[in-house]
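Each of the two complexes below includes chain A, the first together with chain B, the second together with chain C.
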Partner chain A sequence: MKLYLYGIIDSSNQIKESIYGLKGAGVYNIPFCDIGVVVSEINQPMQKVTEGTVLEHEAVVENLMADFTVLPVRFQTLIEGRDNLLSTMQSYYRDFKDNLERLRDKFEFGIKVIWPADKIKENIIKTLNKEQQKKLKLGSSPSNKFMKDKFDKYKIDKEFEAKADKFIKVMDIFFSKFAAEKRIEKLKTENLLLDAVYLVEKDKESNFREAFEHIKSTRSDFKYLFSGPWPAYNFVVFSKQSGLLTDSQQIDLLNKVTQDQMLVGADSI
Partner chain B sequence: MMANTMVETESPEEFIEEIEKAQNGLPKKIDANPKTVEKGLAKLVLTLIELIRKLLEKQAMRRVEAGSLSDEQIENVGETLMKLENKMEELKEIFGLKNEELNLNLGPLGDLM
Partner chain C sequence: MNSVVVKSKEVTLLEILDRVLDKGVVISGDMVISVADVDLIYLGLKVLLSSVETIEKLRGSPFVGPMQEAR
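What follows is the complex of A and B.
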């Protein structure tokens, strides 16, 4: 019997509400010290990824978010048996605890912005054409022509990046005011100006949304995507020492695990 | 109780298109199938050469911009880069590779292509 993992939560208590996960299997919490890992049981190998199974997984995580701080586990994570799971929990306990503490009462929000790259480039070319003096003046040999074309392209790309930086900086000032942490990616494609995730405290959610609405109203030629609240998929950080507990730390930890905790879910596994 | 996660946008198709484009980099696994191993390796090697070629080109442009190259040096660099680019085109054609297939995610620096 394998265990399908949904997330690590900041509670060792059983989940009060009935939650059903992949293939309608009952979801329960396997406690480890003062935290727990939420799982369901799975008999057969995982089928192909479908929209349905992704949504089932996500629905469980969202259900948990309502009552707990959740470290979401990657979709399709399976562990063979309860003993392996407890051993993993033991190895990474410190990291799980640190992350749960850091991410308590915080959610992740995603913001993507598409800008009209073609028009922006067109304007840059017009401006650069006006500033003829900045253009490279070389002879007419093929290699000189090659360099001239490359240099023109280099100037356009450089200006394009500078404009992207400027827009992102302005947007980020507004969003960062209400965010605890952020991850920003610029120009993943020419059109996708911004692909960012922000970690926002629960009580700042409405301020963050207002900041987004404000930004949205300033540039109507840009396109926006706002998503969330998500569990902090992009903000779970593991230390380099993960899994390297000393003997005394391991004994300390195991002493905290009660006999009852060792037996949760043991009937069927 | 659900946490009410939502995705709000007025242009879903455009975002799907851009996200798909952004994910079309190198595959996460090297295709080591016996029938395609030659092409797989060529793709990997040419991607690395393309990375170096682009770095060289960018460095040359920076030096041109800073005015630290004479006209003669610019012409020499131009000839070298032009030959390198032509050779790359030939190799891509031999192995049936397209530009977008020689992509590399450079982490915080973005994609190569």
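What follows is the complex of A and C.
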């Protein structure tokens, strides 16, 4: 019997609400000390990734998010048997615990901003041309033309990046005001000006949304995508040591695991 | 209005796929899908996600107005 993992939660209690996961299997919490790992049981080998299975997985994680702090586990993670799972929990306990503490009462929001790259470049070229007209003209030999084209492209690209930096800086000032952490990517493509995720405390969600609406209203020629709240998919951080415990720490930890906890799910696995 | 809703759903799905397939805690379990498959899936998703505007062009409809996902 394999266990399919959905998420690590900040509770060792059983889930009150009935939740069904992949293939309609019942979802339950296997406690480890004061945290737990939410699983369902699976007999057959996993089939191909489909939209349906991804949505089933996500639905479980979102259900958990309503009541717990959740560290979402990567899709299609299976562990053979309960003992292996507890061993894994033991190895990563410190990291799980640290992340759960850090991410408590916080949600992730995604923001994508698409700008009209073609128009931005057109404007840059127009401005540069005006500036060049004021300057002395270079000779029209092929080598001069080649050098001029190269230099123009360099200036356009540089100005394009500078404009992107400027816009992102302004947006980020507004968003960061209400965010605990962020991950920002600039110009993944020429049109995708900003692809960012922000970690926001629950009680600052409305402020964060207002900041987004404000930014959206200032540049209506840009396109915006706002998504969330999500569990903190992008903000789970593991220590370089993988959180492995020393022998004495492992013994201490195992002593905290109660007999009752050791037996959860043991009848079927 | 309907097309905007459809687009929102599509984008939401892409956001979900990006997170569920590409993010989340990776622990030493028994990963079922092969490495090659995973890479292909991830690559495909990243291309899709970074080219939302391209999808709109392919659909033959303009990318109408700012979008917001209410979830």
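Here is the rule we go by: the second predicted complex is superposed on the first by the 252 of 269 C-alpha atoms of A that agree within 3 Å, B and C clash if a C-alpha of one lies under 4 Å from a C-alpha of the other, contacts with A are read in each partner's own complex, and residues count from 1 in each chain.
Assume contacts are C-beta pairs under 8 Å (C-beta built on N, C-alpha and C of every residue); 3 or more make two chains touch, one makes a residue touch a chain.
Here the structure is a predicted model, which means the values were calculated and not measured.
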Contacts of A:Tyr224 with chain B and chain C, given as first, second, both or neither: both
First, second, both or neither for A:Tyr154, with chain B first and chain C second: first
Touching partner for A:Lys112 - first (chain B), second (chain C), both, neither: both
Partner chain in contact with A:Lys2 - chain B first, chain C second, else both or neither: second
First, second, both or neither for A:Ile124, with chain B first and chain C second: neither
Which superposed partner A:Pro72 touches (first chain B, second chain C, both, neither): second
Touched partner set for A:Lys186, first chain B, second chain C, both or neither: first
Touched partner set for A:Tyr233, first chain B, second chain C, both or neither: second
Touched partner set for A:Asn63, first chain B, second chain C, both or neither: first
Chain A positions touched by chain B in one structure and by chain C in the second: 58, 112, 114, 188-189, 191-192, 195, 223-230
Touch list for chain A against partner chain B, complex: 17, 58-59, 62-63, 65-67, 107, 112, 114, 136, 138-139, 141-144, 146-147, 150-151, 154-155, 185-189, 191-192, 195, 223-230
Chain C residues touching chain A - in the complex, by the definition given at the top: 11-13, 15-17, 19-21, 23-33, 37, 41, 49-53, 63, 65-69, 71
Of chain B, residues touching chain A in the complex: 1-12, 14-15, 18-19, 21-22, 57-58, 60-61, 64-65, 71, 74-79, 81-82, 110-111
List of chain A residues in touch with chain C within their complex: 2, 5, 7-8, 45-46, 49, 51, 54-55, 57-58, 61, 71-80, 88, 92, 110, 112, 114, 188-189, 191-192, 195, 216, 220, 222-230, 233-234, 236
